[in-house]
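Okay, so chain A shows up in both of these, paired with chain B first and chain C after.
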Partner chain A sequence: MIKKNSFLIIKLIICFSMCISLSGCSGAREINDLEIVIGMGVDKDKDTGDILLTAQVVKKDAAVGGAGNGGGGGGDGKSFWNVSSNGKSIFDAVRQITHKTGNRLFISHNQVVIFGNDIAEEGLQEYIDFFLRAHEMRPTTMILIAEKKASEVLDAKPETEKYPAMNIAKLVETSGFTSHFFEVNMKDFASCMMSGTTASLAPSVSIVQEKDNKDIYVAGMVVFKNGKMVGKMNHDEVRGLLWVLGKVKSGVIIVPSPNKQGKAILEIVKAKSKVKPEMKDGRIVMNISIKEESSLSEQTTTENLATDKALEKLQEASAEVIRQEIMAAFNKSRELKADIFGFGEMIHKKYHKEWKTIEDKWDEIYQTIELKIEVDSKIIKTDLLKKPVSPIKKEK
Partner chain B sequence: MNIEKGKISGQQLLFLIAGFVHGSALLIDFTVGITEHQTWMVILAGLIITVPVILSYVVLAKRFPEMNLVQINDMVYGRFLGKVISIYYIFFFLMTLSFNIRDVGELYITFLMQDTPFIFFLIVFTATVSYAVAKGIEVLARVSHLFVVTGLFAIISTFILLIDQMDFSNFLPLFELPFIKIFQGIHIVSAIPFGETVVFLMIMGCLNNTEHAVKKTFLGLMIGVVSLLIVAIRNTAVLGGIQTIWTSTSFQSIRLINIGTVLTRMDFLIGIAQTILIFLKCSIFFYVSVTAISQLFGLKSYLPLVLPLAGIEVIVAATVFQSPVDHATITQNAGIIYSVPLIFIFPPLSLLIAKIRGLPKPERGKGT
Partner chain C sequence: MEAKGRFLCFHILCCHCFDVVLSRVFSIFRDMNNFPMDEKNKQIKTAWEELFMFGYIYRKIRYLSLKKKNEHMLENDQQDREYSEPISSDLGKNLEVIKGIFRESSDLAVHEFNFGHERRFKGALIFIDNLVNKEEIHKNILQPLMYDSLLLKNDMDFTKIDTIRKSLISMTDISKETLLSGLLDKLLAGAAILMVDGSKETLAIKSGKRDSRSIEEPGTEVVVRGPREGFIENVNVNIALIRRKIKDTELCVEKLVIGDKSKTDVYIVYIKSVANPKLIEEIRTRLKRIKVEAILESGFIEQYIEDNPYSIFPTVSNSEKPDKVAAKILEGRVAIFVDGTPFVLVVPMVFIESFQSVEDYYARPFFASIIRLIRFLSFIISTLGPAIYVALTVFHQELIPTQLLISIAEGRDRVPFPAILEAFLMLFAFDLLREAGVRLPKPVGQTVGIVGAIVLGQASVEAGLISPIMVIVVSATAIASFAVPAQTDSGTVLRYIYLALAGAAGGFGVMMGLLATLMHLASLRSFGTPYLWPVAPLDLSGLKDVFIRMPLWTMSERPKAIIWSNRDSYNQSQDLMPSPYRNDNNDSNQREQGRND
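Take a look at the complex of A and B:
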């Protein structure tokens, strides 16, 4: 009995000592030692050819202090610190930053990665690897392309948000209201690069000077072919692309009113698309059918548009606008010789035997693709008004 | 005499097999690199090929009730040849065990705890496995229910959370890859998750009732296969063409979970499920190894073997491969070859010989 008890005590002692020793301190990273990165910018140093990496690090004191800016004599009152470093590669630069920060960067909370224009023109192929391979990086991190330098974009302090990187992430997340650009994360970008024929896209971010303040402006998409920047798409072209991909969430369509005296402004409520590739004796036809529903959100004419006849005409007009947007996107992609729609992949999936023979000549074949677009546009509501604000004419 | 006195029920066998097959979900990555978007059909094809083989295991176990594999080998092939074959089996068990222990270490070192020494995970994990094995097969069998349910929960919940990101056109074109690749994939799948169930020949002797053994085995196998299929379909649908580049496809697809920016970073779910299920798998392998060795040498109990073998296993696991790259290459190309006779040839052959020779002979009684 005594022997059994003493054995139990030894067991208990071992258990407790394990609790202390096994929890371990090697590699411990306390929160006040972390340099929490919320945004990264990658530029090229033109003189040396090195990478210039800018990391936006949260200032812990400012983050804790809440609304009060510049707590503890912070000087300029910024709540973030843009620390940058040169390096032969991205990882090299990430490690070289420790010369300035005194700690390894903690990248798990990174929201955005912004590539400078130089890098985009040179090609992202060799720079994207680290962002997918490093275990702290998330595949859901957004990619953006700066119009000039990425570090400048990260420097522009927003008015309402504390952190530029968070602000940019927020801007990208609200893209659904216009469908003028869309969110692209590391995984999406990499899958397009893997496919070989599909061109990758990334939203473009720039700085606009407004009086004495710099504002961040995200609009349009940069088109990449084989990882290299080949051109840019404007608002309407991007939406044309999104119609085909079925990713339009919302947005505004402006059509002339039936009597041509004013405009009717429609808001997209819902959009769906179906794309069916067809191959007939060597010619490729893409059958695109789009179903769109919108609401009449504004009108600038005295004519009552909330009638069956007027709505029908508006529907026709909005279908025409959608068709034009799609054609604009398609013409642009032909001009850039970049398959932004992923038509190649669609044909690969449906006609994989024929695909082997045309894969190499895809760039030339892409120019000869025909689009058959069918748009079914519907106006499903007129919001709060059923007649315009204009003197009512009494019918005799 | 069979070395194990413990008894398990048919229901427990069902969950042991389900957890065992499901425990290989991480190893599907060996196949994904080769068979890409056709992995799901490779799993199904592998299943179809292994079904008759697994049937032969169960029939063999039923024919030799309360006997384990070593005893069966002795009886069917005679003392000398039987022992040689048994040693081959033991080698296979020990090597596979060390590979699986290494898998856990690699899982942790790559995804969960980067800075911790590799050997630490191996030691802690193997110590836990040894503890479980020392407690006997009955204990393992009783907890297997819980393990399988946890694993299924993780798989199904991640599947549901990722449904909005799935693109089912990723499965097209259906038949694109050259046959040789599919064949290699089928070989891997039929050898690793399914064929390894040959270890249950060591355990089926403990069944208290062999009446429904066939039904229970296949039900367990089905649960395992369905979970593997869910994993393969989820990964392909979510990642598409990019799925071949990742070290672990499952981890990568789960890192994509992003529901309202609140439900993110669900990596821990698969970490928990995988650890638990590989633990079950390793425990079964370890248990089978120690019982086979002690049966071979006629020991009274397998307990004295547990700790020394655990030490050897840790060292083998730490040194057998240089890197995950090495691990994948050897498993894909060599590992599945040496196990072919053990999985596909000996059990059906034993059954055939036993039928011809009319074994086991009733007058000779049980045991050797």
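Take a look at the complex of A and C:
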């Protein structure tokens, strides 16, 4: 009995050790053998027509040296390495980089992919394939368009962050404070591209020279039609788009005060939108209703704005601002002939029979769309002050 | 190309074989703990034969080994038969026989004397030096016999041993022995044997005290709140400690003697009206089956009676604390006391018990619940910590948050070893330090700890041999492993297994290991109680005391899986929730009385 069991145990141990050795260490890769890529830039070499790929790689010894030397970072003071290589395609370039790094690039932690302006104009279609196909890439990687060259953006060393790519990702992630632009990742971009009618957007980054330091600045969004860059939208226009999409998280609305002597500054607290397409005898009307809540966060007049009358006027004014922003965005999109709102998809969903007849001439029909905008703007609080800080006037 | 094809064929073949083997193994796993025994044996045997086709050779070896065993046992039986003869009435002959048995051992004291009226009777007192209290013997046996009996009338017949017992000896623990073997047992257990010439009976008089440690706080189970007393090496004191906690006539203490040479007293203690009679019967049979030379510690008993000797998980719990053991006895469990050790065994044991501490019940339920959750967490950390670290850093770097990955990479930059080796080295060093610290005398042990901490924690990191995060992981593991004392052994084994699996197959390996562990745990039984009760099989009333500790007044049922027979019994009234104003008759009466006073 005992002997039998002991054989059984030996048997089990043999089986399990076989199990372990069969799998081997095939998937193993030590961290030391990886170059952790946190950002990638794609540019075009004007002379040869090749792709110039820049990868931002983490320097691993930076922190170890830096800890003792007072946080300055070791070596040349940089904690990253921008390594670039030419290639006929992106994958080709990625593999060619190993000639310079010695280790394989590990791109699972890639935060941003920045395309140069020339590539954006040429069309992202042929360049984006690798980023969606490679198994190490994440579909949540952000897409950005550089105003000039992508490699320059990756070079700009931020003051507080260690890595430019991380800094850019952070910049874009915090877009909610102003709602002047928004985060676009690979998956969003690709799904917009595949829809056919909806134009895709991507934030545009530029470099601003401030004294002796280069700062990265997100200027607005680039509009793509069929993968090709057709134009740019400024901050207000982008917010107009976001109002319609219901993606405004926060932001600032500036309206004149009721007595026109100063300004009232409102902070957006909450915003909702509803879009209903309507088709009547071949004409398309989009009914957009927006519910917005804001708080009075600053005022530059001595007038007491915390009265029912004043608040009502402010609400009307802010509704007007929102309406204008939406119209600005809509006009821009008509100008660019790009359906940035995704109206085409909405109509497709609701009127899928009629859609077939208008699908082909959508670009022309888009120009004839009417917008009916209803804005319900509410000021729900005045923050800590009830009256402005000014000498009290006696009312008669 | 051809080579590749061949390799593929080989690979497929391997996989197929492996599949077959695996399915066999799992079938064995499944049936391993099923009753009845015969079927289990058959299953294993057939699987074994099919697996390696060495059935014939295997049977042959087994036959030979059994034959040898049988012969051995027969020899032993003959040895035992020697002393089972009655005592003769001739004192001189008896003394010679006993002296012969002891081979003139120097600590055997034989005191011959004459007593009675005109010193007509011959007697002898035999005892083993140092096992008896000589003063008591002098005062209570020899003095009355040799001096007081002179004054008695001459018609008293002292060849009748009962007369002596009743009229002369003023001690309580006396038994009559008529067989030589019984006499020898008593003699070795510390009794003085009184023999009288002409009598076939002898008296075994237990005298005096045993040298034993005083009752102290046990080192293994220190509590902040709760009784500080702990069991000691003297089993009689230990049982008295339990008697003091459970003052009930239903508390049964059964005695067994185990060990051919050590003749260790083993007591089974339980509450008759609560404990499952089948459980007690099972324990009795398992204890009686132990045929060994010596039982030196309760660990011996544990290893001879446990359900699954090849499991890394203990199925018999032990404790040094009377309050803990008493609580378990009250729940319907059975305690096994072994003479000579402060560790008392309690069966059946369930896995959850390892995470419960006596203090959980003395503290209020909220804090106790948090602490218990922390214990669960710490068990997970202590077994899986290094494995998950290795799996993540070697196989699944994409699962680590970017910033964390960068700091790990920065820390590992100068480390020359692969992560798995690094982890093994650190764990080995930790276990080494722990072992060295425990075995060495206290002052030296502390030095070892300090040296270890500096060498491992600091110097090795500064030298770039070990990454700082590895030190954090291993030290967290080390600390966590002490939070669940009952599972420290199994946790250590599991830690190495999981680490090996993680190094070989990453997260997949860890998952396979976890799955195998879970299957094994679910198959375990401890004296008929499922090891994972009350989680699997699910018992909602039992869950009150698993992940969180519900208030005491809600736990009015005894654990069902342990007491089977009277499973609906309550250990307390069901309506005990305290509240200041209650419309209870008794309460209001008392209150009024108080007011009147």
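Criterion: the second predicted complex is superposed on the first by the 357 of 396 C-alpha atoms of A that agree within 3 Å, B and C clash if a C-alpha of one lies under 4 Å from a C-alpha of the other, contacts with A are read in each partner's own complex, and residues count from 1 in each chain.
One rule holds for everything that comes next: a residue touches a chain if its C-beta (ideal position, glycine included) is under 8 Å from a C-beta of that chain, and two chains touch if they have at least 3 such contacts.
Note that the coordinates shown come from a computational prediction; the quantities given were computed from them, not determined experimentally.
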| item | value |
| --- | --- |
| Partner chain(s) touched by A:Leu12 [first = chain B, second = chain C, both, neither] | second |
| Partner chain(s) touched by A:Glu30 [first = chain B, second = chain C, both, neither] | second |
| Larger contact residue set on chain A - chain B or chain C | C |
| First, second, both or neither for A:Ala190, with chain B first and chain C second | first |
| First, second, both or neither for A:Phe106, with chain B first and chain C second | second |
| Touching partner for A:Pro139 - first (chain B), second (chain C), both, neither | first |
| Partner chain in contact with A:Ile38 - chain B first, chain C second, else both or neither | second |
| Chain B versus chain C as contact partner of A:Gln299, first or second or both or neither | neither |
| Residues of chain A that lie at the interface with chain B and also at the interface with chain C | 22, 24, 27, 138 |
| Of chain B, residues touching chain A in the complex | 110-111, 113-116, 124, 169, 172-173, 176, 239-242, 245, 252, 255-256, 258, 264-265 |
| Residue numbers on chain C that touch chain A, as the complex places them | 14-15, 18, 21-22, 25, 28, 41, 44-45, 48, 51-52, 58, 61-62, 65, 309-310, 393-395, 397-398, 402, 405-415, 418-419, 500-501, 503-506, 508-509, 512 |
| Residues of chain A that touch chain B when the two form their complex | 22, 24, 26-27, 132, 135, 138-140, 187, 190-191, 194-195, 348-350, 352 |
| Complex contacts: residues of chain A adjacent to chain C | 1, 3-5, 7-9, 11-12, 15, 18-25, 27-32, 34, 36, 38, 58, 60-64, 106, 108-109, 111, 136, 138, 166 |
